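Multiple structures are listed underneath, in structure tokens.
You will see two complexes here that share subunit A, one where it goes with subunit B and one where it goes with subunit C.
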Partner chain A sequence: MQRITIDPITRLEGHGKIEIFLNDEGNVANTYFQIPELRGFERFCIGRPVEEMPLLTNRICGVCPEAHHMAAAKAVDAVYHVDPPAPAKKLRELLYSAFYCTDHTTHFYALGGPDFIMGPDAPVAERNILGVIHKVGLEVGGKVIQMRKYGHTVVEIIGGRKVHPCTSIPGGLTKGITEEQRKQIEEMGRFAIEFAQFSLKAFNDIVLGNKQYVDLILGDIYTHHTYYMGLVDENNKVNFYDGKVRVVDPDGKEFVKYAPKDYADNIAEHVEPWTYLKFPYLKKVGWKGLVDGKDSGIYMATPLSRLNASDGMATPLAQAEYEKFYKTLGGKPVHQRLAIHWARLVELLYAAERWMELATDPEITSPNFHTIPTEKPTEGVGIVEAPRGTLTHHYWTDERGVVTKVNLIVGTTNNYAPITMSIKKAADSLIKKGKVNEGLLNMVEMAFRAYDPCFGCATHSLPGQMPLEITIHAADGERVDVLKQYC
Partner chain B sequence: MSKPKFAMYWAASCGGCEISVLNIHEKILDVDAAFDIVFWPVAMDAKYKDVEAMEDGDITLCLFNGGMRNDENEHMAKLMRQKSKILVAFGSCACEGCIPGLANFSSLGEMVDTAFTTLTTDNPTNLRPQPSFTMPEGELHIPTLNPFLKTLDQVVDVDYYMPGCPPESNQIAAVVDLVIAALNGKAELPPKGATIGAGNSTVCDECPRKRNVKSIKEFNRIQMIHADPELCLLEQGIPCNGPATRSGCNARCPIAGAQCIGCYGPAEGVVDYGARLVSAFASVIDSEKPDEIDKILDGLVDPAGQFYRFNLAGSLLRASKAAQTNTAAQKG
Partner chain C sequence: MDAPKTLIIGLGNPILGDDGVGWRVAEEVAKFISDQREVEVDCVSVGGLSLMERMTGFKRVILIDAIYTGQCAEGTVQRSDLSDLPDLTSGHSASAHDTSLRTALKVGRSMNVTLPDDEAVTIIAVEAKNVYDFTQELSAAVAAAVPQAVQSVLDALKN
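Up next, the complex of A and B:
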């Protein structure tokens, strides 16, 4: 039997490995996507005061610590049965909206966008942020840097630090903001909206104006008919910070809508002995292996999933883009994975609009940013939408508020099964009778990038190009061929 | 003459160190001008095999972040040590273990068991990931976890230590300036083993909060009071680690109303961080009655975590007995 090992040379080296086995006919027998890392947060958070959880769990991911900080903040509120005052919740959501703008911008311009803006047939050397700048215009580089800087500035003003924010505590925040800071945040928010509109226009002109690209989205080989998950508000509109988790089936019908505290009735995690990461699935449907369809409990949690699982966006400009999205792609739900990139831009505009709404909210500068808990701490669940998927933190404590048990279902983990399926589909279609099409490298890379995986912050490489190397081994272990792709 | 070579690598880490480096903004261009960036997985195409092919000591400066959680991390540490003239333990994980080092309070078996028996884990046959596992199609491998997390200098020789979780961007920029000046013969590098990119005093020395040398009758959890925004947090009973923690962050957390949690590690000259903090806390307790002192100390609900939150792996304690004796944790 032949064996193909794909060892990405960037961050995924040591943090992700793909093994493809061929059968006697030289076709794909099976593929394995392995995650070789485990740091043990669920164990060592035991014994810690629960108010430290927003600080400790930040360290799960330095790229999206804001997501862990917020899920933890909501979980510790729940542990103490305390409802933070409205200004505290608004400040947290304001920080979170600004973070989303930064994160989605990085992904679109540096990581995933180049596939689209340049087109997958463009020379490898052009499919990166520099290629995007050349195509969209030189001034875009400066705008991207400005957008990222503004997002981080808001995180620092409200969260105290640029990386690993420190201000969320049970019942609210340790500080508020001044009128001067609010004005600064509002000004930056205005830029964020313009930037998001500019990004959608660029996408519209370059991608949607080109039939070949539209066909690429619709004909995408990463089409899987799975369930979709996302957090929604009381009107079933997308929300990143608060609400209920809504899951729609492959036909787009609501399958379940659950409150954070009921997550364990709905989600379970399958274990395999060859990887340190678990595979979450819908408990009521069941684990049927790495297959799609209504009978398989596999679901996806990405920007596209959030749009599919909702009835729209809560802000006017983003809502118009949402409608256009489904009109262009032939209605809900959209199963084509490449559409995740477009969905990400619709979310970018929503995050910017929400940023402005909150920055101009009359109570955002209120000194009423903390409610002292009065009830005994017990147990609590906090859920937010991380950019890479629904993020669940669940803590149990003793009566002193010392952690006794922890459960975490992290954003990207939700997508472990769908990503593995996309890799297998790419391998199946590009490896025939022992011949490996060179396009395999590109297809595997595009599969990863659409999901924006963050396996321990994996693949956050700035060139927007994941260098890969595929080594093909014959059954006796002898090396037959090596395919390489560098930036 | 060719430019000196620069590398940055991440072992078991969160990626925050890389983000902090990227946040030095235009200074990155200085790094690019002064160095030939040869290996930096987050920012560029990283040709791993090219590093292996380099001559020993070919890389002038390597910033290495992340702890030593598995055998692959150790392999990369040894490789980067071999290829680098100056190896910097960059960030709390590499310097002292950081938050993931708290795993050293328990055994590896307990850590893995916990992860694979959580509320939502569906694991009827009680599986654990195996470093080597045979599937019908062939054998699959993943790295073997270390019994406990090690710091970089517990695996290889380290030239400098740059603390912080993550190191502050302005400190990174200052170190970049210093190294570039030293390479041009305009400055001298500090002696080997020195801490760089940080201050020589404590967080308290940088903290603008007012101190009245007031003693406390109880410790307070931060969520249980509305803390005064101007006064020293420790004097309000909030267990703030400022007195034992190295300066360099500009007291970012206390300024934002949150206690220092110690991410910059032990202050200059402090042999045992926990012991220094115990004595600092003891000095603010306003009582001479043993019973009352006991009661006040009960307010510290997690002394082990409080005193060794970031530096357990790098401290004199390093790891619990259970962690140190559990060498066969990954069996079955």
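Up next, the complex of A and C:
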């Protein structure tokens, strides 16, 4: 048996790696993807006032603190059985839409996009945001920086702080916005829409205009027939902040639609001995292993999943892009994982349009941004769509509102099984009879980058690189080769 | 009033054990230099592009962070410049969702944003032990290294 190890991420030490085991014929037998897990968050929270959770949870992760802040805010509302007034919900969603614009922009231009804009075969040293700027033009860099700045500014205006918002409390927000701030947000929203349209046009020209890329997207190597999950509004349109969780089957038919409080009836977690992280799956379908198909409870939760699980986008320009997306890719649902990149841009446009809708909503400057909770706290669930998947927070408290138990299912965890499967498929196609194709590193890298996985702990390590390393072991376990690149 | 010339940043996650050492050191440094108007101190939990954005307008930056090399004893304080770190920055990522700081700085500079040169970014790194368990406590060796790290930052401020 041969053994191949891919070490995709080091934070401060080398946890989190991909191990590929080959059979005696030298073909892939199994792949194991291990994600570093931060320990003890539940224990850390127990004994603290539950209203601190929106502040504490945004420190779980350096990548999407805003998502944790929002899921926590909603969970804390539920714990106190309080429904925030409409202006508070709209302000939170406005903040969240701006955050989405920042996050999706970063992914497309810094991570996912370079694979296409520079080409998957380009040297790794060029497949980054600098390469994109050199190829597409300096103006792109300026727009990306401007988009991020505006997104951060809206988060700061409504959330009180950049990146780590602090204004959500049980029943709403600690503050509203002034008419002057609203005008500023509206102005920035206009830029966001233009930027999203610019990004979709770039994707259209560079990716869809290149047959090689279209073939890569539509090819079998990154295709899995799984269930898809996403939050939808009352019209089954994509919503990032609120609604019900809808799951469609591999044929695109609605399998279940549940309210956040019912998540535990629908999602279970499978434990494997080789990893600390659990694999969430659909309880009513069951765990059948790391396989796709209708009988396997594995689901995906990504931008593509949200599009697949919905009946459309709630804003006109994004809806038109949604229709083009499915028309081009052969109808719903789309199973090809690289299409996640395109779906992310459709969502970027939706987020920008929603930003504008909310910024021009007559209620948005209302001073009615908080409802004082009057009921005894018990337990509550909050669900939002993090950019990288459905995010569930569940808290239990005693009658004083002191946390007694916490359960979280975070975005990337939802996709743990699908990512592992995609890595296996990439390995399957590139390792034959013990011969490892040199494109393996790139293809594995592209597979897991499509999902935009968040190893939230990894944002500020030194020296701050993410080595991707494959160690190949001979049948007797001895190491015979090492492939390495920095991605 | 002119903008402060030097920015000191404590990096890390303040509730993730030794990863919070950067914040702890920065908070101590702030007490020593509260009278120096040309120096600004901040604590953040970001990297890559966001960290670059925080540096906007500064020509000199001192970063304080936890590091794990496995090569030296816990609590060891090391000083280096960003330009001394392995030049792997043509790659993508300090995380799965960002660019490296050096790439981010290059992007910013190419947009004519005022940013420090790599040589003007000093890093004070403290060898860490526990960065996977949520706690506000530093491990003993790392906590004991805080005064030395503070001194290193103050020394770096002078030259």
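Following the convention adopted for this analysis, the second predicted complex is superposed on the first by the 459 of 487 C-alpha atoms of A that agree within 3 Å, B and C clash if a C-alpha of one lies under 4 Å from a C-alpha of the other, contacts with A are read in each partner's own complex, and residues count from 1 in each chain.
The definition used in the following text is that a contact is a pair of C-beta atoms (placed from the backbone, for glycine too) under 8 Å apart; a residue touches a chain by one contact, two chains touch by 3 or more.
Note that this is a predicted model, so its numbers are computed, not measured.
By the document's definition of touching, both partners, subunit B and subunit C, reach A:L56.
Contacts of A:R190 after superposition: neither subunit B nor subunit C is touched.
Once chain A of one complex is fitted onto chain A of the other, the partner contacts of A:I409 are limited to subunit B, with no touch recorded for subunit C. In the superposition on chain A, A:K201 contacts neither subunit B nor subunit C.
With both complexes superposed, B is the one of subunit B and subunit C in contact with more subunit A residues.
When both complexes are overlaid on chain A, the residue A:W274 reaches subunit B alone and has no touch with subunit C. Contacts of A:K376 after superposition: neither subunit B nor subunit C is touched. When the shared chain is aligned, subunit C comes close enough to touch A:G142, but subunit B does not.
By the touch criterion stated above, A:K284 is placed in contact with neither subunit B nor subunit C.
When the two complexes are laid over each other on chain A, subunit A has residues 9, 11, 13, 36-41, 43-44, 56, 59, 62-63, 65, 145, 149, 152, 163-164, 456-457, 460-463, 465, 467, 486-487 in contact with both subunit B and subunit C. The residues of subunit B lying in touch with subunit A in their complex are 10, 12-20, 22-23, 25, 41-48, 69-70, 72-73, 76, 98-100, 102-103, 105-106, 110-112, 114-116, 118-123, 127-130, 133, 135-138, 140, 142-143, 145, 165-166, 169, 221-227, 229, 252-253, 255-258, 261, 301-302, 304-305.
The touching residues of subunit A, when paired with subunit B in their complex, are 1, 3, 9-11, 13-14, 17, 19, 21, 29-30, 32, 34-49, 51-52, 55-56, 58-63, 65, 76, 80, 145, 149, 152, 159-164, 166-167, 169-171, 173-175, 263-264, 267-276, 278, 280, 283, 287, 370, 372-373, 394, 400-402, 405-407, 409, 456-457, 460-463, 465, 467, 486-487. Contact residues on subunit C toward subunit A in their complex (touch as defined above): 11-16, 19, 44-51, 53, 65-68, 70, 85-86, 88-101, 103, 106-108, 110-111, 113, 123, 125, 128, 131-135.
Residues 9, 11-13, 15, 36-41, 43-44, 56, 59, 62-63, 65, 103, 106-107, 110-111, 114, 124-130, 133, 138, 141-142, 144-145, 148-149, 152, 163-164, 448-449, 452-467, 485-487 of subunit A are the ones that touch subunit C when the two sit in their complex.
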